[in-house]
Structure formats: C-alpha cells, structure tokens
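Listed after this line are the structures, all set down as structure tokens.
Common to both upcoming complexes is chain A, partnered first by chain B, then by chain C.
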Partner chain A sequence: MGITMNQLLPKSLEAIPGGPALLTSLDSLINWARSNSLWPLTFGTSCCAIEVMMAAGASHHDLARFGAEVARPSPRQADLLVVAGTIVKRMAPRLKVLYEQMAEPKYVIATGACAISGGPFIYESYATVRGVHEVIPVDVYVPGCPPRPEAFFYGLLALQRLIREGETIRKPGERKKPVLAALPPGITLEQIRSELIANLENKAVVNRYE
Partner chain B sequence: MNNSDLESYLLSLDKDLVLREKSDRVSITVPSEKLLQVMTQLRHDRALTFDMLSAHTAIDWSNENKLELIYQLYSSEHHHRIMVGVYLNREAPVTFSLCSLWQIAEWQEREVFDMFGVRYQNHPDLRRILLEDEWQGHPLLKDYKDDFMLERPW
Partner chain C sequence: MVTTTLSLSSVPISSLDKRIQSLENEQSSLGTQEYFVNMGPQHPSTHGVLRLVLHLDGETVKEVIPVLGYVHRGMEKKCEFIGYRQQVHLTDRLDYLCALMNNWAISHAIEKALNIELNERIQVVRTILAELQRIQSHQLWWGVFGMDLGAFTPFLYGFRDREKITAIFEDTIGARLTMNFIQPGGLMFDITSDFAQKVKEFIAYFKPILNEYDELFSGNIIVQERLRNVGILDAKTAISIGTTGPILRASGVAHDLRKLEPYGVYSQVQFDVPVGATGDCWDRYQVRMQEMRESIKIVEQLIDNIPEGKHMVMKFGAKIRVPEGVYYSEMETARGIYGNFIVADGSEKPYRLHMRTPNFNNLWSIIRMAPGLRIADLVTILSSIDIVVPDIDR
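== the complex of A and B ==
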C-alpha cells in the first residue's frame, strides 16, 4: 500500500528497503485522517440541500461529530462534494467545473432521488440530468426524497469506511465502484441513533475522556 | 381599498372587465386588445397605484386552444393586490409589452417568451433568458417534445 506515499512525498524520501511497514502504517494514518476531516463544499441545488446540508449541519443533528462540518464555499478548500438536489442541463457544466476545481483526493456523495436518477423529474422533463454520474463520478449514493439527516450520516459513514479501507482513491484519478448506502428497510430512528453512537465510539471518531 | 371597494371601483372604470372567482385578492379578466389601456390605468390611477408587478406567467389551456397570461400586481402605497388575466390565441400569441409601466416586466416577459413563446410588441430586448439561445421550441407548452425527453411509460 505504499503507492500513494511514493507519489505524494518529496522525491528525496525513498521507500525503506525491505521494510514497507512504515509506509503501510502511514497510509492508514493518512486514510484515517482524511476520513475524519471531510470538508464538504457548500453546494445544494434544491430541496435536498435543506435536509442534507442545512438540517444535518445544524445543532440538532450536528455534522461536526463526524468531522465534516467545515463547509467551504470554495472548491479549492473542499474535498467532499455532496450533490444535494436536482441537476439540470445548464447546471451540469458548472457542476463539472466545480468538481474539477477540487483538489485530490476528492469524494462525491449523491443524495436523493434527483441526484441518483433524476427522481421525480425523470419523465417528460426537458432539462433534468438523469443522475449526476452522467456528469461526475460518484462514490456513495444515499437514496431518499429527501434522505433524512440520519440517512445522510449513514452514507457519510459508508464513505469514511471506504476511505479508511483504502477503497476509494489510492491513486489520484482512479476510482473504485460506487456504493449504495441505503438504510435497511424496517429500521427505526432509535436503531439508527444507537448505531451511530456505537459507530462514533468504536471507530474512535470522537474520544471519550473517561 | 378593501376587495369589494376595489371591485366596484374597477367595474366603474371599464365595463369590459370581467370579475373572476373570489380568493384572497381581486381577480379580473381583461380583453386582450384593452390590456395596455387597463394596465396603464391600474398603474397610474391615484386611487389604485399598482406600482409593483410581483409576478407574470402564463397558462397553456391547450384543450381550449387558448393561452392565458397572468399578472400579479401589488400596490406598496395602498397595500392591495390584484390578479389580471388575459386570454390570447394559442397559435400566434402576441401582446403588448408592459416594460414602459414596470421595468421588471422586461425580464418576466423574457421568461414567458422563453417558456411559452409569447411575442411582446415593443419589448426592448426579447431574447431567451433561461434556456440556451439556440434552443428550439418553448418547453412549457403542453405539446412540447424533444429528443431528450423520456415518455412516461404508463
């Protein structure tokens, strides 16, 4: 797993002969750090943005628990693009430009039926793009219309898991298969909450000083 | 003026105005050839002073072969509202531009032109506003079709 390091570190730093151990752990350290500091770009085009970007970021649901609350207004400073809302044909080139302006490593979460497939506007619409994957590559899909903040967190945790397992980007520009982060059917709000709490505690996203 | 005063005042101005269904505001239908005259009165009559065009849109009544223009007006002086409707011929919708009365009408009429294909006479700059300049057709008309659109499978 030393590939990333060889490419990213200065030329003067060489791999230790016969000892990939240092690089391996550095890799997972970097992945751990990346996964817990996903800075989202402030980008919402319609109703999903209210639920996913605003409600999820506000104090009740508190995106800050997952290290993803630092919403940046500039794509240069962001590494997570949450496509929250309908993308129309005139918006698509702008979305692509925003995506290309983000620095590697960059991740994309498509939330809501619109961003996944065109959603309620798929038929008889002259303007709606049928899924953002037609414009930019997607890492995690979060279904819903709109998804609850809990469902969005579920998708965010799926992305964090992907990054920690080195699944998403090892080499810049190379992407793994996108995943669908759908809440299992029949799940209750209490179950989601307790799962999120267990996740937070076990994966050491936050530390409890006890 | 409250709504009933406004209604009787309007009817005394012009007997061709037709009152429409009751709602939170007065609504009238104007014959299309009288639009400019009635709108000028609504704008400049001291008792009315509708100085704000808050919305302008159109409705495609395709089964009656009519296109209806809707104007929502508000008076910031007297705090009353009115809705004005005008029926146009759907095949060749032409009407007068109201840019001289409300400047914002310029963009609102460009949008209605873009979406419904209504031609406004004396409009200073009648171009598409939301869609690309080379777009063919007017997508909010009920019979609009293009290659990108998917048919509903049911």
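== the complex of A and C ==
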C-alpha cells in the first residue's frame, strides 16, 4: 500500500503487515467490545435515579438487553458514569473525585434537566450546579424531568455509537484510540485519517456505519 | 466490646503455632480496633447521597453520625421567589415516590388558606390516586429492601408490578414519576374514561401477588432471622425523635392522620391502621405489607362510584394571592407526615414556607437503633426506614 505511515508510526507497530487496514479493524473490534460492555456506576442523587437506574435496570425495561446491566458500586470497576439527578455545590467535588477514580476509557451520560442545566433549580437557587458539564466532561445528554427509561436507552445507544466511531464529543477528533495513542508529536488523527481514506476509498472499508 | 483472644494451650504446637503464640505474647490479645468509616455520600445502600460517619469497633457499630446536605437544593428559599402557583411542581421533587401526596398536601394548605370547598369528585379521585401511589411506593420499597438484604429477585418482582401502576398514572396524568397533577382548586385535568376500569384490572392482578410476595420473601427463614429483633425502636423514643408513618406505627403507636384528622374522603371509607408490637425491622416490614392491603381496600371501596362533577372548582391564573396569616396543613404520605407551614404576607409569594418532611425526622431514629449492631444490620435498618434523601435535604 502506498501509505507513508511506516515512517511516522512507532517501531512496535511497523511489524503489522499491511498497516492501516489491520489497524482500523483492530480499532473497530475494540470499540465494538467496549460499546457493548458498559459497566455503569450506581450513582443516583434524586428523582432520575428511580427512572434511569432502577426502572431501566429492572424487569420491565431490562437494561441487560444493551449489555449495560452490571452496575458497580465502586468507580474503579465502572466505566460509565450516569449522572442521574441534581448535583449541588456540596456534591460537585465528590462527583469530580468519583470521575477521576474511574479508569480510562470512561464515559459520562447526564440525564435529566438538573444534570443538563440545573433544571427547575436553574433560577433562584443558591445551591445547585447549573449542569454537570461545569464539573466533568459529558458525552451524551438525555433530556427529561425525569427521562423515561426508553429515553435513557436512546442515550445509551447514542453513546455506544459514539464509542464505536472511536471518538466522543468530549475530545472531538482526538479521542484516544488504543493503537493510535502512541503517535509521535506533530501527527494528528485527522492527518492519518485523510491518508487512510485516500488510500482505502476504492476498497469499501471506510464508512461502514452508513 | 468482647475482645477475641487466641487460645492455643489445647493444640499441639507446630512451627506455625509457635509463630502465632509469639504474636500472642507480643500483643497479649488480638483485639479489635476503634475507627471511623465514611458510608456515602456515594454508596448503594444509602438510597441516594446520604453520608453516614460510622464509629466502629471492629465490625460493631458504636455510633452513627448522619451528615446531610449533599442534595440540598434550597427548595424552601426558592419557594419564596416563585409563588404559590409554581411551587406545586417543586414538591414532586421532594419525596419523588409520593409526588401526588406532596402535591395534595401543598394544594390543601393553599385551599385551606383560601377557604375553597372542593366537590366530591375531586376528593374521591385524589384519595384513589394517593392510595395507588402509596401502593406504588411500598412496592418499590419492597424490591429495594430485598436487594439491600442481598436478594435480587424481589427487586425484579417489585418493579414488575410497579410498572403497572406507573402505566395507569401515565395514561391518566401524563407523567410517570413527577406528576404535578393535583393543583390548588382541583386537578390539572379530568381523569380518563377508562381510569376506573384500569384500576380495577390492576387490583384484581395485584391482590394475589401480595400473597406471592409473602411466599417468596416474608416466609423465608433467612429474611426473618435478619429482621426479627434487629433495630428495635420503642414507642417513647420514636415519639421523642418525631418519627411518623410506618416507623412510628411499627413501634406500636397507632398514629395515622387519615384516621385522626381525616382529609379527602378517608372519613367515609373503612380501613384499619396496622400497628407493630416491638418496633423492630420485622414489624416495619409487616406494617408496610399490611398497608398495601389496606390501600387496596380503600381503592376498592371508592373506585366503583366516582361521583360526577367538575375536575376543578376554582381555576387560578398565573398567580394565587393568599391572605395574610399563618397556615399549616399536614398529610400522611407513604413515609409519614408531610406538613407545610406557610407565612403569607398577602402577596402572591409566601413570606416563608417551611416543609416538614417525614424523612428528616425518620432518619434520626437510626442513631438510636444502630449502636451495638453490625454494619450489615445497619444497612437493614436504613432500608427498613425507607428514606428518600432529597426529602431530607430539600
């Protein structure tokens, strides 16, 4: 293949024959596995916890259909933080600690009006944080007060799609991928992608989600 | 605290035993240590963001110190800015499992202040909805109680049946959890024509299910062993702390506002107030299970003849002016007495609104119940109190 990546990538990756095609396949495999085995942290502060964490996880709606039912009480074992409910100023530092304790890759879904913007407490409240994005980066927002379990599932599917595409809105264009994480400085993901597309356009490997 | 010592005199001494014996000689006893542990604010058993500082001796709880404020949203202060009309929807977010009862309580306070006489239809529909919500709340409690004791099956069963009531609410009201349906002067809109039919179907479905609950969970010997004589709260202490609802009734005090100061149409229906004997976790469990049966009884008496009438006797605009004065009204929610204390200055906003929420008082019973027990029992007690944290912090 006429790609110049052999000079750009670190030595450990040179041995892979054919280079780019295998790398993208590996990426998609890892992202597929990640997207279908999200382990949410049991973290509910108020009303949304009933709908989003409990009703969604229970028998009627059954979160297990999407592979995300293994709720873990410890942030070290979880990779999905569902902020379900109001975050007040006293809780915000604890939320940040929880987020930092989670191991990479980690994803955040903000559910409900309170977590998105402060909701009913956006005005005339001295205590609430106006949206969790002021504290931690958010991947997907699910509106509602509280959102139905189905709305949460839609948000979850959106997150799964974001994961499969290998990047999130948190770091647009530079989401760390497992193999591309070791790129030398000066090489952007965009550069590599444009090269890949230019080289593989005729081989129908790209745009597999459309 | 009883300290544990290793006694090795009867055992033949091996090389390992020698090492243990030397350790024993060094320390003279392998006792327990006193230390503090934070339970929460993020903990699966605290039902939200409650923080309990535990003073432990080994695994035995010596002292429990609840630390509050992790979901304090300044609701009472907010009510002073937004006026009587808008504060109804905020009560949904206090104790979100009793949203309709909270709506009713604050509407009742305003109706009392304005001397609004409601028609029979509104009263009957409100009573039916409140009792359905009481069943719904207890179903969720039952499921979560099982989960806290380590059994996941009750959680699935409880939510399976809870969804049926939620579906009725969604058809009638349009919301699943935060209803904002009962308004000052009546109901937000009229009930649907098939409401009675759906409720009857649900009751016919749920009556045998309650026996299934008993067979599945209540009769289990492990459950009984874990609940009996754990977390005893005697009547005197329960009253002095100010607990209300199932906790107070489990301690043997038959205090139920539906009987003592009947509101709605509770004076026209026949029902019993279940009361416990010793005030342990088992009594609190039984009181709630019986309350579900009593709620079914109430709904059955009312559902067949819902009187005709308007769904709103007084239609308010954007603002409600409450005459100057001090008003208090209280109601029995699924967790106890929810009261609203309004200081009105004649404008459309209250000068001060205090919410007397049941969970705040109920929580403090834990500092009397927990000492001397193990951490596992503490979780049982916390679950048997059935707290909702935003209701505590407001």
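Definition applied: the second predicted complex is superposed on the first by the 151 of 210 C-alpha atoms of A that agree within 3 Å, B and C clash if a C-alpha of one lies under 4 Å from a C-alpha of the other, contacts with A are read in each partner's own complex, and residues count from 1 in each chain.
Everything that follows uses one rule, which is that contacts are C-beta pairs under 8 Å (C-beta built on N, C-alpha and C of every residue); 3 or more make two chains touch, one makes a residue touch a chain.
No experiment lies behind these values; they were computed from the predicted model shown.
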Quiz item: Does the chain A-based superposition show chain B and chain C clashing or fitting?
Solution: clash
Exercise. Name the contact category of A:Gly44: first (chain B only), second (chain C only), both, or neither.
Key: second
Quiz item: Between chain B (first) and chain C (second), which does A:Leu98 come into contact with in this model arrangement: first, second, both, or neither?
Solution: second
Exercise. Based on the superposed arrangement, let me know which partner A:Val108 touches: chain B (first), chain C (second), both, or neither?
Key: neither
Quiz item: Regarding the shared-chain residue A:Val138, is it in contact with chain B (first), chain C (second), both, or neither?
Solution: neither
Quiz item: Counting only touches as set out at the top, which of chain B and chain C does A:Leu80 meet: first, second, both, neither?
Solution: neither
Practice problem: Determine, for the superposed model, which of the two partners chain B and chain C contacts more residues of chain A. | Solution: C
Exercise. Figure out whether A:Ile122 sits in contact with chain B (first) or chain C (second), or with both, or with neither.
Key: first
Quiz item: Of the two partner chains, chain B (first) and chain C (second), which one does A:Ala68 touch, if any: first, second, both, or neither?
Solution: neither
Quiz item: Hey, what residues of chain A end up touching chain B and chain C alike?
Solution: 90, 123-127
Self-check item: Residues of chain A touching chain C in the complex
Solution: 42-47, 49-51, 54-55, 58-60, 73, 75, 85-86, 88, 90-91, 94, 98, 120-121, 123-128, 145-146, 148
Exercise. Would you mind writing out the residues of chain B in touch with chain A in their complex?
Key: 130-132, 139, 144, 146, 148-153
Exercise. In the complex, go through chain A and note every residue touching chain B.
Key: 89-90, 122-127
Quiz prompt | chain A contact footprint on chain C (complex, rising order) | solution = 41-44, 48-49, 69-74, 77-78, 81-82, 89-90, 92-93, 96-97, 140, 143-144, 155-160, 162-163, 166, 176-178, 389-390
